[in-house]
Structures are given as structure tokens and as C-alpha cells.
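Both complexes below contain chain A, partnered by chain B and then by chain C.
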Partner chain A sequence: MNTCFVNPARQLASKGAPRAQSLGTPISRLAPLEFHRLLTYTVSDETNATNKKFPENMARYHPMTLQNTTDEVLQLASIHFKVPREQLTPDDDFFKKLGINSLQALDLLTRIEQHFHIELPDYELQGVSDFRTLAERIQSRL
Partner chain B sequence: MLNLRKYSCLGEALRGALDRWPDEICLIESDRDKEKARFTYRQFKEAAHPRARALQDAGLQNGSRAAIIMTNQSKWLISAYAIFFGGGVLVPLDYKLTAAEQLKLLAHSKAEFLIVEHHLWRAIAKEQSFQDVAPRVVLVTEAPPNADLAGAKRWEEFRGTGEPAFIPRARQDMATIVYSSGTGGRPKGCVLTHENYLEQCAALTTLYPFWPGVSYLSILPTNHAIDFMVGFIGPFTCGATVVHLRTLRPEYIRDAFTRYKITYMSLVPMVLKSIERGLRQKFEALPKGKRKVLHAAIAVNRALTRRKPRLKISRALLGQVHAGFGGELRAQFVGGAFTEPKTLQFFYDMGILVGNGYGCTEAGTVITVNDFKPFRPDTVGKPLPGIEVRIANPDAEGIGEVAVRGKTVMSHYLDDPEMTAETIVDGWLMTGDLGRLDAMGHLQLFGRKKNMIVTEEGKNIYPEDIETAFEGLPVKEFCVFAANYLWPARTMVGEQLIIVIHPESGKPMNAELAAALADRNKRLLNYKRISGYLVWERDFPLTASMKVKRLELAEQIRQTAGREAVVPL
Partner chain C sequence: MKTFQGKTLSWQLREGAIELSLHRPPCNEIGSETLADLEKFIAELESLQRDAHALIIASARAEGFCAGADLRELYRGLEGLSAASRLSGVRDFLERIHRVMNTIDAAPLTTIAAVHGVVFGGGFELALTCDLIVADKMARFCFPELRLGLIPGFGGIPRLKRDAGNAVVRDLLLTGRSMNATKAQSVGIVSQVAGEGDALRVARATAAQLAKFDRQTAIAAKRFIKPIPQAELQQEIKIFCELFTRPAVEAALRKFVESKDALPYLP
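Now for the complex of A and B:
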């Protein structure tokens, strides 16, 4: 799984609002929530876990399911804290696994916000220590 | 500043401040890089008085208890002032506790009123017991338009008409009930009087004065004693400005420094370390030539400030570094947990003053703080004016339990005379911390005598508070200890909790049980978790009421097992 640094929705919009492939609707007619979902579409690259660049030949679009969100959170954590992706699982206690404190976890939250284009107040991290729950909190705001 | 000795209670002193500096800015609420609210002292009064009136209309009277559960924001201070104005007793609760823990403390404090943020109230209202325990009047802030408030009222709409009646309180009367622990075990509700606060505030502002135009950056939770004092009472009674920042993210802290020209701030070692790390990385990234110039400037500054700080010289020598802190910073205060001397020295060498301090809620916030006369990175400073510190039962090296006496020491623990008697002995507050006073009167800390740990975030964790998480484990009995309590170590870093397990006979500790233990451990907040277990095959010594005699058990363990017997989780 890799991060989509090129926003597919913006690319499509710039070409005179063609159809959004997976939704089958012109972008101009999308409801705000659908448009937001399109903005947060991601590109997966499961074979090259630590490659930060957008691998064009591997690109495929898919909607943000909890599974995808969780995968992307793990990928972001892997890049941010330089831990091999394969060592991280959704149920890991990220404080323990990454050896970080609550302030460093907030750093990760900032990175996540930038990636998903959402805003997560600090308190969203309260009582959360595993990737899966963190992904659920993110998913509820997508 | 106001002459606090002339006032009998916090409500009166704060009222005096609001009338004295009507056009000064008292409070700014900033969320990330967006400013959400700004109040002059007059506007603050205009926001607080209708709430005070509405609280009185709802039954608030002299001595009524009102709790606040909120993150740092303007409504916290407005509500607190409204409560004090109406003669109420404030119960500030930690917003980071779980809803069940908050309900437990609400019940213990017998609070009749509660002011709470909507997201926190939502969690409380999900608890089964909330209707039996929740205070009579609940005000919820920032609730979305169609939210189900579960019987609560909206803070924003809670305004009375007409002027509220000011209810004065005596100096010895209860001002607040602040819980220092007891979410799982026995609640420790420190009863602090108006005198405790007024005396503490007068002492602190003698050392570090505030005045109109001074900005204090508040990032520590206001429910904690330190921010309540230096991020509310102190600045307000001097006409200064409090800047609330609703995030702890370093990038926004840096931004707030420059945007609001911060003069003072308090922080915990973890945040200080993060700032240090960021600065060191920046220095490393400089081109070689610039880095050399910087290190030379730091060396010159170090030589010139050996005896005392010289802010003007430091700012001239290291202008860019100081500009990163807003250019007006006079001092930062660090406390709540152990701070490494080399971190303090790192900042002092650049002319960024970080005053290392020590205190506890029971002592009304601060006991000692560094006054930079001269700078000492190896101590927590000297006692505040009016506070006596002695070392009880010192050993050959002069190290013993730190005892404190003075007008800032709490009155008692709420509804617990037994624990009060154990903690305040002959007028001296026994802190449970081990320290030594040196020839210059500075206090050095060496570890703890009490069974608890302090995390790097400055959180005090008591074993009794987390034991409930392990109830129901298929073992005969268990008990949680601070590892350094079982095996005393003269250190205040890397403190850990462990669980002592006495398995059922014929059911030895196995992988299944270890997994069950790990699973329960995971349910605790990350900073409250135990780090290992010790298997103990003997019966625990018990009191007549079947409670574990912790002291005796600890002594038995100490004599027969060492740290190496602990199995990491």
C-alpha cells in the first residue's frame, strides 16, 4: 500500500470534469460527501511497501474502506517512524511497537491528517493505542 | 498586581482583577493556527456574570460543588470564575480519565453541577450508572445543533438575566477539590482552601512577576494544579494574558510562541525534550559555517551567563534562536516529572531559561523552583517564600523523605481523615519523595518512598488505581506495585509498574494466563500499563477485612526475590 500524493480527483477535475471512474458520475454532479470520498481515494502498491513515490504502473483506485484506511495508517506509521511495514499489524499497540510517547503519536496524527485531508482533534487519540481503533476514528471522519 | 493579602477568596480577587484592568486582554483561545476567542477583562466579566446568575438561579449557593471536565479553553475559565463568584466549590476533573472514572470522582465529590464538553458528555452518558451519579445540573459546551444532550443544558444558552449576587467565602473555606489519584482505589480528593491559592499565588508572583502585557501560554491541562495556578489565577490577578492552545503539537506550540509573543509557559519534560530534539535537528541541518558560528555564540553566551542570566545579551547573541521562541520569552517552567540536567543546560546555554520545579497538589502546586541565582540544572530549586521544607529521617548521605509545611499545604483529603492523618503529620505534609537539601538550600530529588510512578508526561500512577483492570483473572490473588517501591532505586526515570500474581494451587502460570493478563493490560490507557509480572507462590498477608497488607507483602518480596524475577509483558 502506498500513499497517493497525486490527487486523482483534482487531475480529473482539471480535464473538464470527466466521469469519476469508480462512481460513474461526473464530478460536477457529485454530492459533497461523495466528492470528499473521491478526494481521499488512494493508490495501492502492496509490493513496494517503503517506496514513497507514486508508482504509476501499479496504480489502481479503490474506495476508502476501513481495511484500506487501516492499511494506509500502518503504511504512514511505517514511513514516519522508519519501521518496516511488515512488522506492523492492525492490533499492535503503537506506543509499544514504535517505542513512542504520546507527543510522538500526535506527530503521526498530523501526518495522518495531511494524508486523509481531515482534521483530528488531539482528544481523538485519547484512550487509543492500537492502529485498528485509530483507523476507525479516522474512518468516522472521512 | 493585586495585593492578594487583602482578599479573602478567589472570587473576590478575580472580581478585583476584572474591575482593575477592564481593557487589557485576559484570555485568548487558539486552536492550532486559528484564534477562536479573545476576551478583555471586561468582556470576560460580561461572559461570566450571566452564567453565574444562571447557576444561582439553578440553585448554586455558598459551598455548592460544581465540577468542570473540559480541555483547555475559554469556557473553562469563564465557568470557574462564575462558580467562585457565586460562592461555589470547584471540582476540576481530568478530561483524560475514562467516563467511568469521571463518574466515580463526580460521585465522591458530591458535585451538584457539571460543566462538560460535548464529546466527553457523550461518553459519560453511555455509562450505565450515569443517571444515578450525574450531577443535578449538567451544562454541555459545543454540542452540535441536534445532539441528544441526555438531560443536559447547553452552556451557550445558559444565561441568567440580571446581575448575579457575589457570595464571599472565608480564607479557610474550601475553594477546590482536586483529585490527585483514586480513580480505581481510594479517591484522594485534596481539599484546597482559598488561603492555599492566595498564598501560593503571592509567593510565585514574587519570584516570577506577571503584569499587563505579559502572555502566558497554557498547554498543560487546566484541571492540573500547576496550570490552574500559573495559567489562570496568577496571570489574572496581575492583569496579564493567558493564551490557551488546544493542541500539544509542537508545530503549533512554536507558532503560538511567535504569534503571541509568549513571556512564560509551563510544560512537562516530555514536551521540553521534544522542543530540544527539534532544535538539535535544526542545528545539525545548518551549513557547516553557520553551525560553527552558532556554536561559538552559544559558547560566548555560556561564559557570560555563568553567574546569572543576561537576557539582553543572550537575545543579541542568539537572536534567531530567541526569535523562534517569540523573542519575548522570559522563562519556561518544567515540572511534573524528572528533567535531565543536560536538557536544562542545553536551553540555559542559549539564554532560554527553564526553571525546574517540584510540587504536588497536596502542597497547593509548587514547593520549590529554580530562581536562576545561580542556575542549577541538578536540583529542583529552593522552596518558595513562606514554604518550609525539611528532610525527615535522613540517612548518612542526608537523603530522606521530603516534608513540607506552610500556608499552601492542603486542608485535608475529602472525607478521609485516616489518609489525611497518614499524610499530614504534626503539620508537615509527607510527600513520599526522597530528597536532600544542599548547603545552598536547593532540593535534590533521588526517588520515591511511596508506591507509585510518575510517567514522562508527568502523570502520577498509583497501583491501586489500575488493579480493577485485572479483577476476575483466574488467579488466587494479585497485587500491583511500583517496581522501584519493591526494589528501591535512586532514580526517577523509566519507572514501571509490575503485577505480583499468586496462582491458584495446581494452576501454575502458563501462556494462556499470560495472554489473559496481557489482554487486560491492554484495556488500560497506555501510560497506566504494567510492564511485567512476578509469580509469587505464597499467600499474601491480609488485614482483618481481607485487604492485602501491601507494606508487608513488599517486604517479603524484597527479601526473597529480585528484579530479575519479573517476566516482561
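Now for the complex of A and C:
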């Protein structure tokens, strides 16, 4: 497990989440479920053990596979352009499938940058028109 | 005129703020009609500012704030003209738009650009004349002029250099890439990032705050902190005109105007 996972845990620990040491294991050696428990710990857990919130930005703390990234891009496009998710596939030409022009594609780029917390210069999109290749470009910035 | 409804823009006085709204389809491209309406606006500004403390510039077009100069009009205007006539026409247009931009830049009002969507080229340059830029979180800023073999011609480089670091100017200018509102805020271009569809509301709230302060003090503070970079603005016109005479520019304009590319704005 990558040491970059330390930061969110430290943030949660400052809010009263169990420290890694209290789990008896160095944070870098936590099993995925234990780590998930640490990440999803909220103050309200103290009073309601069944309250397991899944952070909206959980994706940032999971290893992002190309498939995960592609799924999230499809989801973003579906929501922004109000197209049913099931109608979109990774190999679709998003200009044709979504019926969008270059300025609307910029909106998708902005959504992507906000969601993945990255910068993706528009020249990286030169020649890119399908979701899968777009996800590959995103992946290279994560 | 307290209110005006033109072909490309309108203005009104609202709670002590002049609201200038751009509404030329598709995305407020600045051509001869917009320039003429902007000239009407600055002619009225002295009268309007007696009753106002702030100026808000916004767009009524869903596509964005402004996509820059009207390149199609520019390209059509070049057809059939000699090189000398082309240069003279472009220089005249630049001198006129610079007068407009400089007047807004130095206006004894606190000026706020409320931007969303596309803030490209001349649109970005118009926003940079304002004291504050309030950006919708979906706004994008870009200087795509190098793809045409040109530099921004409406005063963008000196004004961006005044507001942000030289490295930011080089990044935007030399790569031609666009930048989102959050990034633009992080490099000091944008004052506030608003939620989607909220830029005008935030700009109005900011204008209401400004009304609490003594106006003469605000004017003195602005004069002190926001000099007009006159020498660099003149230099910009000179460089633009030198570049404009090259055949490569006409070829690049033709390529853009006739482009069927999905992303024709890309360098």
C-alpha cells in the first residue's frame, strides 16, 4: 500500500478517528478493509456504529485503474450532458454520442479536472474523441 | 441613458451598479458591431458613473462570457484589400478597442467582471480590464492567439502581466492552453470562484459591499494600485501589426474559419 494514503488518515485522526497505532498495525500495512474503516470513520460513529459514510472523494484514495477512471468519466458525461449512463460505452466517440461541440467539450474537461483534482491541458485532447483514450490521458495525470 | 438595449449589449443601473450585459450570439465575439456598442457605452460612462459606485460586466449568453474577436468578420474583412489597407483597418480597430479597454480599466468605479463558460482571447482581455474577476466554477480562460500567428491584441498581455506572474503569462500565451476558474484563482487572476450560475449574484453582492466605502477613497486606492501600462499597450499594438502583415496569418485565419475540426480552437 502506498504511503500517500497517510494524509487522509492523518486528517481523520485529527478529527478523532482511531490512530493507525491503535489498530496495532502500521498504516502502510493495513488490510484494505481496515484501511477503509479508518477512512470512513466519522465522529458520529462514536454514537452510531452503523453509520458508515462513504466519502464523495473516495475515488482519490483508491488505486485508480483505467477501468475505474473510464467508468467515472462515463458517469460525469452522463450527468453533465443528461444522457443515460447505460447508453454510453468506453469506445464511443463522445462528440458524436453526446452531440457536443468543442465548447461543450471544454465543459466536460472542466468537470474532469474538478472531479479528479488534476490539470489536463486541452492540447492533450488533440485527436482524442473516445472515452477510453480520454481516461488514459486522465490516468497519466493521477 | 440610464438604460440601453443595443444589438450586442445592454446596460442598466441597478442598486448603484452599472450592469453591462453582453448578448451577441453565439458567444459575444467582438466585431465591429460590438465595438460600436462598447464605444456608445464609454461615451455614456461619465454620465452613468455619477449615480454609480461599481460596474459589473457580464454575459447573457449561456455559452460563456466572450469567445474573443470575431475572426470570421476579420477574415471576411481582409478579402480583396491590399496589404496596406488591411494593416490600416486592423490598426484602426485596435486603436478603437484599446480606447474602450483603457477607459473601462481606468474608470473611477470599482469594476467587476462576472464570467462563466468561455473567457477566451478578447473576452479574457475585457475581463482583465476589470478590478475584480468573479468566475463561475465552470469558466475557462485562454489566450489562443498564437494558433493564428498573432499575439493578443486588445491589451491582454500587459494587463495579465500586471495582475499575475510572468510565468503565468508565458504559460497561457505560449501553450495556448485553457485554464479553469480554480487554477485561475490560484495564480491570482480570479478574485472569487462562484458556484454554477452564481457569478452575477456574487458580483452583485460584492458591488453591494463596495458601496459601504467612501467612493473618493476607493478611486484614490485604485489609481494608486492599478496603473495603466500605456507603453506596453502601445508596444503590443506595434507587435500585433507587424505580425499581422505576414501571409501565415491569413492562412491561419482561413484554416480556422473553414475548419471542420471538433476542437478548432486548439493550437
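The rule we apply is simple: the second predicted complex is superposed on the first by the 81 of 142 C-alpha atoms of A that agree within 3 Å, B and C clash if a C-alpha of one lies under 4 Å from a C-alpha of the other, contacts with A are read in each partner's own complex, and residues count from 1 in each chain.
Keep in mind that, in the parts below, contacts are C-beta pairs under 8 Å (C-beta built on N, C-alpha and C of every residue); 3 or more make two chains touch, one makes a residue touch a chain.
Treat the numbers as computed from the prediction; the structure is a model and nothing was measured.
S.K.: For A:102, decide between first (touching chain B), second (touching chain C), both and neither.
M.R.: both
S.K.: With both complexes superposed on chain A, which partner does A:86 reach: first (chain B), second (chain C), both or neither?
M.R.: neither
S.K.: Examine A:125 and indicate which partner it touches, taking first as chain B and second as chain C; both and neither are also allowed.
M.R.: After superposing on A, A:125 lies in contact with chain C but is clear of chain B.
S.K.: A:114 in the overlay: touching chain B, chain C, both, or neither? Say first, second, both or neither.
M.R.: second
S.K.: Return the residues of chain A at which the contacts from chain B and from chain C coincide.
M.R.: Touching chain B in the first complex and chain C in the second, residues 95, 101-103, 106-107, 109-110, 121-123, 126, 129 of chain A appear in both lists.
S.K.: Using the touch definition from the top, list the residues of chain A that touch chain B in their complex.
M.R.: 93, 95-96, 101-104, 106-107, 109-110, 121-123, 126-127, 129-130
S.K.: Taking the complex as given, what residues does chain A use to touch chain C?
M.R.: 95, 101-103, 105-107, 109-110, 113-114, 119, 121-123, 125-126, 129
S.K.: Could you pull out which chain C residues touch chain A in their complex?
M.R.: 27, 63-64, 67, 117-118, 137-138, 140, 142, 175-178, 180, 182-183, 261-267
S.K.: Residue numbers of chain B touching chain A in their complex, please.
M.R.: Counting only chain B, the residues touching chain A are 71, 95-96, 98, 119, 246-251, 270-271, 274, 456-457, 522, 525-527.
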